[in-house]
Amino acid sequence: MDFRSDNVAGAAPAILDAVIAANHGTATSYGADPWSARVEVLLAEIFERKVRAFPVATGTAANALALATMTPAYGAILCHEEAHIHLDECGAPEMFTGGAKLVPLPGGDGRIGPDALRDMLERTLNGDSHRVQPAALSLTQATEAGTCYHPAEIAALAEIVRGRGMKLHMDGSRFANAAAHLGVAPAEITWRAGIDVLSFGATKNGALGAEAVVFFDPGLAETFEFRRKRAGQLFSKMRFVSAQLEAYLAQGRWLSFARHANAMAARLADGLQRLPRVALLHPVEANEVFVRLPLDVVSGLLEAGFRFAEWTDAGPGAIRLVAAFNTDPGHVEAFIAAAAKLTSAAA
Amino acid sequence: MDFRSDNVAGAAPAILDAVIAANHGTATSYGADPWSARVEVLLAEIFERKVRAFPVATGTAANALALATMTPAYGAILCHEEAHIHLDECGAPEMFTGGAKLVPLPGGDGRIGPDALRDMLERTLNGDSHRVQPAALSLTQATEAGTCYHPAEIAALAEIVRGRGMKLHMDGSRFANAAAHLGVAPAEITWRAGIDVLSFGATKNGALGAEAVVFFDPGLAETFEFRRKRAGQLFSKMRFVSAQLEAYLAQGRWLSFARHANAMAARLADGLQRLPRVALLHPVEANEVFVRLPLDVVSGLLEAGFRFAEWTDAGPGAIRLVAAFNTDPGHVEAFIAAAAKLTSAAA
Amino acid sequence: MDFRSDNVAGAAPAILDAVIAANHGTATSYGADPWSARVEVLLAEIFERKVRAFPVATGTAANALALATMTPAYGAILCHEEAHIHLDECGAPEMFTGGAKLVPLPGGDGRIGPDALRDMLERTLNGDSHRVQPAALSLTQATEAGTCYHPAEIAALAEIVRGRGMKLHMDGSRFANAAAHLGVAPAEITWRAGIDVLSFGATKNGALGAEAVVFFDPGLAETFEFRRKRAGQLFSKMRFVSAQLEAYLAQGRWLSFARHANAMAARLADGLQRLPRVALLHPVEANEVFVRLPLDVVSGLLEAGFRFAEWTDAGPGAIRLVAAFNTDPGHVEAFIAAAAKLTSAAA
Amino acid sequence: MDFRSDNVAGAAPAILDAVIAANHGTATSYGADPWSARVEVLLAEIFERKVRAFPVATGTAANALALATMTPAYGAILCHEEAHIHLDECGAPEMFTGGAKLVPLPGGDGRIGPDALRDMLERTLNGDSHRVQPAALSLTQATEAGTCYHPAEIAALAEIVRGRGMKLHMDGSRFANAAAHLGVAPAEITWRAGIDVLSFGATKNGALGAEAVVFFDPGLAETFEFRRKRAGQLFSKMRFVSAQLEAYLAQGRWLSFARHANAMAARLADGLQRLPRVALLHPVEANEVFVRLPLDVVSGLLEAGFRFAEWTDAGPGAIRLVAAFNTDPGHVEAFIAAAAKLTSAAA
């Protein structure tokens, strides 16, 4: 019973079937194949407008390549201080942008607030030519804290950066989970709210390894083809990546997978927060549960064979549980029951 | 009947089956999984020594990441003037190395000769501090011309660069084809001949999308883990990449696939060179056939539905035919027959 | 009466005389000249050990080039959150290091404290391979707040980073002012306390434009020659830069210039802090005075023709006054008198 | 008697006097000073149009920064195979552009011919997305072979690149020598012929250390301020660099200095080519003489105390003599006389 991450899960059968089906005959290499074309069509339907979309191998590549289209080397990319691009990509955005600076902003529950953003732009990165020039804002949806930005929150941040000529990126490695939670049209939390480029994740939600960089700003897309090749992200047998994305997007699978994962997380949160000495660290809106347990309960759960991440950055007893597209409800109930037993025993 | 490239072919069933089999239960992400461990064991057996090996997504990534461990930013990487890293990777080695310079060397049939190498190192890149410092030599095996370096040829080049503290890289996107042709132990054309790092290709020879960077010099491997993550090449669900490599390496599949492709290319070459007004441009040693045909024959073959690459760099009438692990012998005979008919008709 | 910065001052006559004297006959270009050799000898005397030293054009270049020898592209450089390298060099360290990340640390009066450093290394940059790897710590001496690190403070920080294989850089654009204030041997606040590389400033203290990168760790110096050329910092007529440094270092001029500047700053601080409604923002230890004045006093001083920097980052009424090697004591007294008159008038 | 290079010469008295005169009072730092403003005015007069101009420290910095405004990281910069940017800047253009590729072109007497340029653009760098994208052409004026491009030659090359959206750079480290030789208006060999950005050298022609990057395309200038700061090329006491440029440009000094140097080179060439067994390697049009002498004559001249560069790239006996703004005519005559004596003695 493994809640370490959504990336310890395997692939969804429907997605794997699509890969198997794609293995037929020869196909033009490097993305000029029908699977890749259909991915763009499906994304256009989902986002209710024409888009340019490019498959890449990993979320880190999607983010770093997207950001590289949005900033000069002397630019600054503003992001939440816990953003994956800042903390967990070993400097990939710096590499792909040629050395732009990531500027962390504080904010509760993983969200950047307008005041912190405005303050940084007015007091520090105010265009002084001795300083890096603010070029982009990157939002994570769902956030690193498992919460979601509402359309109006995104629009408020977009308004601040627009007036300064900045671009807006969304790290959507868990975009499906956010869309499922919010229940709004995908357009409402992307281009209609001001997003220029979206890293649209599939790997964490049932693909083998496939992400799409989706451009709502066609001008930014112009250089992407060269940047992707140069970054070693242009697959020769692209059909096997695009087939994953096609199956993921078709028939609303991306949303139904996310709804399941979110429901499992919600059930975990609901069950755990009723226990004594247990506190949720953030509201549970997507598929992640951040919770503080008594230390002996953490030990007891590990000894019982449950697997999860100890979240030491948040202090002793903090853990993270992540549900996936295929999380077994029985595992969820077993976890809650074990935690209940351990908390009552310890009391 | 499609001879455009080995990457228009699909995946070998045994490799796809391994991917399907890997989709079972949860697995630790980011490479700490049993499939990845077994890939290193298999490579150690094949190369008759301990190695470090890291899966990546594409051949371009394998090459650029390998080279990044071998050169400072002010270094030079010497390679053949037609090398993929120089001509066909959109500047990936420059990006991954932080701006090192690729220095092209001439040489017949795709091979660098010792004189051209020595001349460049003695006359131009001789350590002058105003110039880039020679850091690495990259050989392509099989070469871009479809030929192979023999062990003694590699050793002779290695001797020249060793005395200058340079490292030696092999771009082995078609390493299997070279090993199959030469019929020597893989160690003989790699570390025993002086190679430090090998880009070991699988995609062109039956995988969906998987390459391994193989380090014979363990010191060079030390930074790789960070470089790979930073480059967006660390897959979260790594098992699906490593499972491909495991199946490819197991039971000698990599060699048997390559032997088939080579045999198909040899048959094409043999059949074509007997025809009037047809000339092979290079010896056919691996799975590529470069040949010059009369222009009307080229047109006739295209009209008949055969697909292949027009190789305009080599002048009018030059074409490239590539055989894959699954090339149908009937397609080969059909091509030869069609060419025979067209050449005799035109004569 | 201009207190905006020490770089609005001109050049010291003794330094300009040395430039004039260097304009005699031909000289080997690119640093292989006797002036450059003598600079290294003088620095060895000052630091009581053999050093390697390289002149460059600006403080930004000195810092960025020094840091480039200390970190891989996937490394982190820890520094104070107000450090010049982080805030005021438009991303130069990121450019010269190939994209390393600058990680800001908090600390009062411009100094990094051991707890903040240890906390970052233990909780965040703890070697996790998904994160940048801590490679260097950069200290500013004198700090951005005009204060100085004592030898024991440097040694305490050095001990923390040494155990982790990190290197230690000192941004000494005002190194002379710190040395003059502390009254210790230069060795005590550099290599004996653990510093590996020093950016030794001269421009702010009487040179026309000359800084030296001083290596106490000879291994780090090995690549510098190439990095400097590649960065466009290798002057062909180097004698005119080295002659400045020679004159600056000879006869203790660097220290006597700094003592004068420090004394002028101390006098300003002493005079101002006796006034009502005036508060020093930091202890005045080098040649900078950060002080908060009533807003009407700030206006009055500007109207009276005094020039200084409004330090808005520190809130309304904050200003910075900088004294130089040639600051006129009469200007200092005039400033104090004007401030006294304005504060009493306003009271 | 030292003919090694024009950068072994000192500074012109008029230029040094301007530096001395600039050392008066305080001045706004970082280029917002009257000297810098006057440099732009003088350049506008010389080029008969509005320009943006930025002083930097070295020719390498001028070239690399200029090129960085003209190419994306995935771009190619075409240049002569002997260009300083390609051979002698230790990879500076690669560093400043974030890894663009320099593509060498052949051409007699240091000049790129239209056929080699067109061939490269049509056959190799033809926009294929797997290859770097042609972004700029860089011409050296005067060339590395001491020859000059005529206005029509530049315009012919410009026409080829314009149609492809490429930009045109001129490395003018010896621009004055070229302008003096050609006797045309500076505009004729720059913007009127299609040049977008000029690296305008002063150091080799009498300055201490000062070059200007001159933009004829104002759009390209927009990012320069940030790039220069980020590269450590923004001098705080800029007046001391700008004062050099002002003196250099005023009263036609740049041209009169160059005329003297050219005349000295012409006299050397004239005297030497009359000698037996002596051959000029290139026409002498600027201030450099490339000549092949018998080996014993080379030895004899060195033994007699003459200093010059042995030009081994051009084979045994090849040497380079460079005249400067202050070359003594007596030294020239002495050299010719010594060579004459040695050649006749040996005969």
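Order as written gives the chain letters A, B, C and D; numbering starts at 1 within each chain.
By our rule, contacts are C-beta pairs under 8 Å (C-beta built on N, C-alpha and C of every residue); 3 or more make two chains touch, one makes a residue touch a chain.
Given the structure is predicted, the values throughout are model-derived calculations rather than measurements.
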item: Set of chains whose contacts include both chain C and chain B; value: A, D
item: Maximum centroid distance from chain A, chain identifier (CA atoms); value: D
item: For chain A paired with chain C, centre-to-centre distance based on mean C-alpha positions, whole Å; value: 42
item: Centroid distance [mean C-alpha coordinates] between chain D and chain C, Å; value: 35
item: Averaged-CA centre spacing for the pair chain D and chain A, given as whole angstrom; value: 51
item: Per-residue multi-chain contacts in chain B, two or more chains; value: 30, 73-74, 89-91, 95, 98-99, 129-130, 226, 229-230
item: Pairwise touch network: line, ring, star, complete, or other; value: complete
item: Chain D - residues contacting chain A, complex; value: 30, 72-74, 98-99, 129-130, 133, 223, 225-227, 229-230
item: Residue ranges of chain B in contact with chain D within the complex; value: 73-74, 87-91, 94-95, 97-102, 123-124, 129-132, 312-313
item: Chain D residues touching chain C - in the complex, by the definition given at the top; value: 2, 4-5, 7-11, 16, 19-20, 22-30, 56-62, 64-65, 89-92, 95-96, 203-204, 208-209, 226, 229-237, 240-241, 307
